[in-house]
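Presented below are the structures under discussion, each in the form of structure tokens.
What follows is a pair of complexes built around subunit A, which joins subunit B in one and subunit C in the other.
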Partner chain A sequence: MSPTLVVDIVVGGLITGGIYALVALGLNLQYGLMRVLNVAHGEFLMMGAYLTYSLHTAWGVNPLLTLLITGPASFGAGLVLHRLLYARVLAGEAAEALESRSLLLSFGLLFVLQNAALLLWSADLKGYSYLAVPLHFLGSVFPANRLVAAAVALAVSLAFYVFLQQSFLGKAIRALMQDPEGAQLAGINLSRVHGLCFGIGIAMSAVTGSLISMLFELTPFIGLPYTVTALVVVILGGLGNVAGSLLGGLILGLVETASVYLAASDIRLIASYAVLSLILILKPSGLFGR
Partner chain B sequence: MAAKLALALLVMALVAAPEILSPYYRSLALAILADVALAVSWAFFSGPSRYLSLATGAFFGAGAYLTAIVEARVPWPLPVLGGALMGGAMALLVGALALRLRGPYFAVFTFGLAELAKHSLIWYETGVTGTVGRLILAPPEPWTLYYTILCLAGLAVLTALALRRSRWGYALAGIGSDEERAETLGIDTTRVKIGTFALSAAFMGAVGAAMAPRWTYLDPQVFNPFVSFQTVIMALLGGATTVAGPIVGAVFLGLASEILLLKFRYLYLLGLGLTLIVVVLALPSGLAGLLRRSSPSPLSSPPAGERAG
Partner chain C sequence: MSMKRREFLKTTAGGAAAFTVLRGKAWGQAKPVRIGYTLSATGPYSVGAGITQGPNYTLWQEQANAKGGLLVKGEGRRPIEFISIDDRSEHETAVRFYEKLATDDRVDLMLPPWGTAMNFAVAPIANKYGYPLLGPTAVSNKIKDLQLPYFYALLQQPDQIMGAFAGILKELKAQGKISKIAIAYVNDLFGIELNASAATALKEAGLDVVDVKSYPLGVKDLSPVLKGFKAAGVDAFVGLTYPPDNILATSQAKEVDWNPPVWLAAVGTAFPFYRDRFKGAEGVMGIAGWNPKVKSAGAKEYFDAHVKKHQKEPDRWASAFAYASLQILERCVAEVGLDRPKIKGMVDSTEFQTVAGPIRFVKGSNVSTPGMVGQWQKGEFEIVWPKSLATGTPVVPKPAWA
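Our next item is the complex of A and B:
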């Protein structure tokens, strides 16, 4: 293996992994806190991507600045969806029934969002070019937009991690994850924190979408593969384990990039599904689970 | 008595249908009967056990692709039988691995199965056999297909009815309400789960195999996750813990999709999503639950009075 190939795989894998980490973090926040497995997660990514695309092509807004719009807009949408849909299911249900019902709700949401996007933007490929200049790095070449997207994704992920560790609200979130009853006894408003976290999770997905719109062409169908990837990452890192998602995202990015470089590109999905199966069977609590 | 008479009339009408109906309505009836078979066989496992399976598309696709591979080289009912064996075998394998997983893990695992099968098949076909699709040049007569599907739908309904009143069915409901307790009570939960899962998958594989000749050209896209979703929505819309529920749901959505899917494709699918949301929020026991308020809901409360003991 030549040194250039190693750089290609490692840097390429970290770029992909950084993006995966951010999508997975949002999904994991929703699951870890309220046991809602949001399979429509990737659809919010798709919506964020289209929003950035439309803002950029219609009004020439800088794609990176659109994060300031897609983020808050999707956060608001998350709050509303939580109030309208999930809060009702979450109220007073046995754990397992709750998981199945909220899963079905998000499948419904997936259909709604995907077909709304098809009606709004049609099934044609949409895309634009931004920062598509080559950057030379240790003898390899990477497009600048990928590096920027990965850097922003990693920065947002790390900022969220620090927020979770340091801030008061972050501590409340972690308390609810560890012991919902005890945390509520200590005066934490469960429903409010749930709503906020659902919004934050969806905002993370939409922001990732905005970043991805700089890199790839869009169709209304791009969401589901990202949901699947995020699920693999979340399960890899452990459900409810935020730091695990960060590491899991980077690991999966590396595994996938390596399999594409060393084997074939159509092996990518098979590789990630194989990783998922192995983890589920051998260690369902995730690589870093207790 | 009146109900039995109506049932007898319905069966007679279904048997006589190919003679009476125009090709268009025969094909519509065929599609709806296939949906009935899928929804009923999904519900007799996932309804009582509450293991949310999204593998329908994978089993269906496996059966369909098997028919496309053997094509006209074997006489007709054999591909259907092969599809059933294929679906059952896949379910045994998947079940042995995945049925230890509870809640969303199982749903996720089965959901990925159709995608995995599709991509593995594409990889195999392009890399090894050098094809991307298969033609079915000599499909069986339309009426042969119709009666095959009718038999499968009928068998699925009879299986669901038999299962409900059997020890096996009670054990499955027991697993659904509290798996650990069921195990403590001496139920071999692994055997019951995997056995029923394989039985339901056998029906799905057979339906796939029998539906394949309707398309002259098949490629790995036949492993369609939409089939999995549609089946779940049909069963839940009707009510997954009853036998009549999935039938009602399949007929209702089958007709709706026939009328709306071609003209307003995206709007219809959007409506399908909204339907699922409304069903989960407002109708936890489906349309059948509206008629019979006492019936237990599939996913929100344990089926009272159906606990194994």
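Our next item is the complex of A and C:
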């Protein structure tokens, strides 16, 4: 294997994996903590992407600066949605009923968001060019926009990880993930933390969308594949495990990129599901699950 | 509050009287010609459906109704009424709806859905109930194997398209402008068929294909493929693409610093969106079939009417054929009425003059339109091959990416 090929695979894998990690982190916050399987997760990514697209094309806002708008706006939307929809479903339900009800609710949300985007932006492909220039290093060449997107995604993921480890709120979230009842006995307000986490999860999805809009064309239907990938990463890394999602995303990115370079583009999905199956067989709770 | 019996009777009687009057009035007007179809407003097919077919259906309906309706032989003009739903890009939804159109709604005519796979799915139903179906977006060598006498394909098929690709590449090679060709194709029925046709056509033309790579539908990164071609010194890129991967490949070529002298791709290149997305896309080649400069009667008028109604240009390949399919139906109905076997007879035996040029069917395939190659030059998708139909001359090597 030539050194250039190794560089291609490692850098390419980290680029893909960085994006996977961020979108999976958001889903893990919702699913790992609240058992809300938000299948509309990718739809928030799509909304974030369109918001960035509109801000950039209509007013010339730098796509990276739009993160400062899509992030807080989607966080707010997440808080409102949680208060209006999910809090009611979540209140006083047994865990099993909760998962299926939240699934139904999320499916509804998926259709509402897709059709809203269809009305606002139509089904025509939309896209723009940003930093579409080659960067030469280590004997290979990479698109600047992908490197920037992955770097931002990884930075946001790491910042969130540090926040969970260091801050008081972060500790409360981890406590709830580990033992919801014990955490409540210690005085942590479950529904408030749930709301915040839902908002943060949605914001992560939307921010990923903003980054993705720099790379791919948009249609109202780009969200679902990301939800599926995020779910794979969450399962790979372990439910409710933030470091697991981060590493899981990077591993999946590396496996996919390696399979494309060493074999063919067509086996990318096969390779990623093979790795998932393998890990589930060897360690059913995920790489870092307990 | 309850309504008194007398009041109730009065209201009902009044309503019934009004109903009779209104009904009488409706009968006085011409009964609409009911035409059924599905198009994808949501799901992966919605992009193509919304560019190539939907706008032409509504444009044609508006134009016909502005004249008082569709001229039906022996009945005068009757307004066109569409009965349609969003098939959500699901084959089974489309199949069910066409079944319903034939048996329940008993529509007068049918129009096809968008895309090869969708046309394959509903063509047997149209055939079963004897509805002529003129498909402007069905591209497959297998269409003639289906043996569905009521199905017609207007677009050039893979063998013709790849014949044109091979034709222009052979000439460019003879001129010493290219030597190494590489092909990337989308790994589904469409891409596989185009690739098979390409292999034959390029081999016959004596061209050297140095690499062939496939990639899956919905691919997110084509840079490994492009880097490989670049490293192999490829100077003619041939992409057998759908629109999203076409756009991905184009943007990534620039991002990996690769600008081969010939960049030739399949579906998507002829969309005005593509031109606008890549700042003119100067020098990019693709499958062509039409532009407003072609000599066909009504081509320019069609272009202007499309822009006026939809505030967007028709694409430079299949849009005009979608409109042409409606012109063909319109002429048949005017000459033989709504008797569908008679319409079929006329479609089988007539050469039609349309905005997309002459169209004549032999065993359901349009034999009048040859495969064509176009190239974006200063905002227009000039037809550069075959020479007999050319509206411009090829510019090779293409300029640097904008």
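Everything below uses one rule, namely that the second predicted complex is superposed on the first by the 278 of 290 C-alpha atoms of A that agree within 3 Å, B and C clash if a C-alpha of one lies under 4 Å from a C-alpha of the other, contacts with A are read in each partner's own complex, and residues count from 1 in each chain.
Note that a residue touches a chain if its C-beta (ideal position, glycine included) is under 8 Å from a C-beta of that chain, and two chains touch if they have at least 3 such contacts.
As the structure is a prediction and not an experimental result, all values here were calculated from the model.
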{"item": "Superposition on subunit A - do subunit B and subunit C clash or fit", "value": "clash"}
{"item": "Which superposed partner A:282 touches (first subunit B, second subunit C, both, neither)", "value": "neither"}
{"item": "Which superposed partner A:12 touches (first subunit B, second subunit C, both, neither)", "value": "second"}
{"item": "Which superposed partner A:58 touches (first subunit B, second subunit C, both, neither)", "value": "neither"}
{"item": "Which superposed partner A:269 touches (first subunit B, second subunit C, both, neither)", "value": "both"}
{"item": "Which of subunit B and subunit C A:107 touches, first, second, both or neither", "value": "first"}
{"item": "Contacts of A:115 with subunit B and subunit C, given as first, second, both or neither", "value": "both"}
{"item": "Which superposed partner A:235 touches (first subunit B, second subunit C, both, neither)", "value": "first"}
{"item": "Candidates 114-122, 168-176, 312-320 or 348-356 of subunit C: the single one with C-alpha clashes against subunit B", "value": "114-122"}
{"item": "Footprint overlap on subunit A, comparing subunit B with subunit C", "value": "114-115, 118, 264, 266, 269"}
{"item": "Residue numbers on subunit B that touch subunit A, as the complex places them", "value": "50, 52, 97-98, 101-105, 107-109, 111-112, 115-116, 119-120, 122-123, 126, 225, 229, 232, 236, 266-267, 269-270, 272-277, 280-281, 284, 299-301"}
{"item": "Residue numbers on subunit A that touch subunit B, as the complex places them", "value": "31, 35, 37, 39, 85, 88-89, 93-97, 99-101, 103-105, 107-116, 118-119, 224, 228, 231, 235, 264, 266-267, 269-270, 273, 276-277, 280-281, 284"}
{"item": "Residue numbers on subunit C that touch subunit A, as the complex places them", "value": "41-44, 46-47, 49-51, 187, 213-216, 218-225, 227, 243-244, 247-248, 251-252, 254-257, 273, 277-278"}
{"item": "Complex interface listing, subunit A residues touching subunit C", "value": "8, 12, 16, 114-115, 118, 122-125, 127-129, 132-134, 136, 140-146, 216-217, 219-221, 225, 257, 260-261, 264-266, 268-269"}
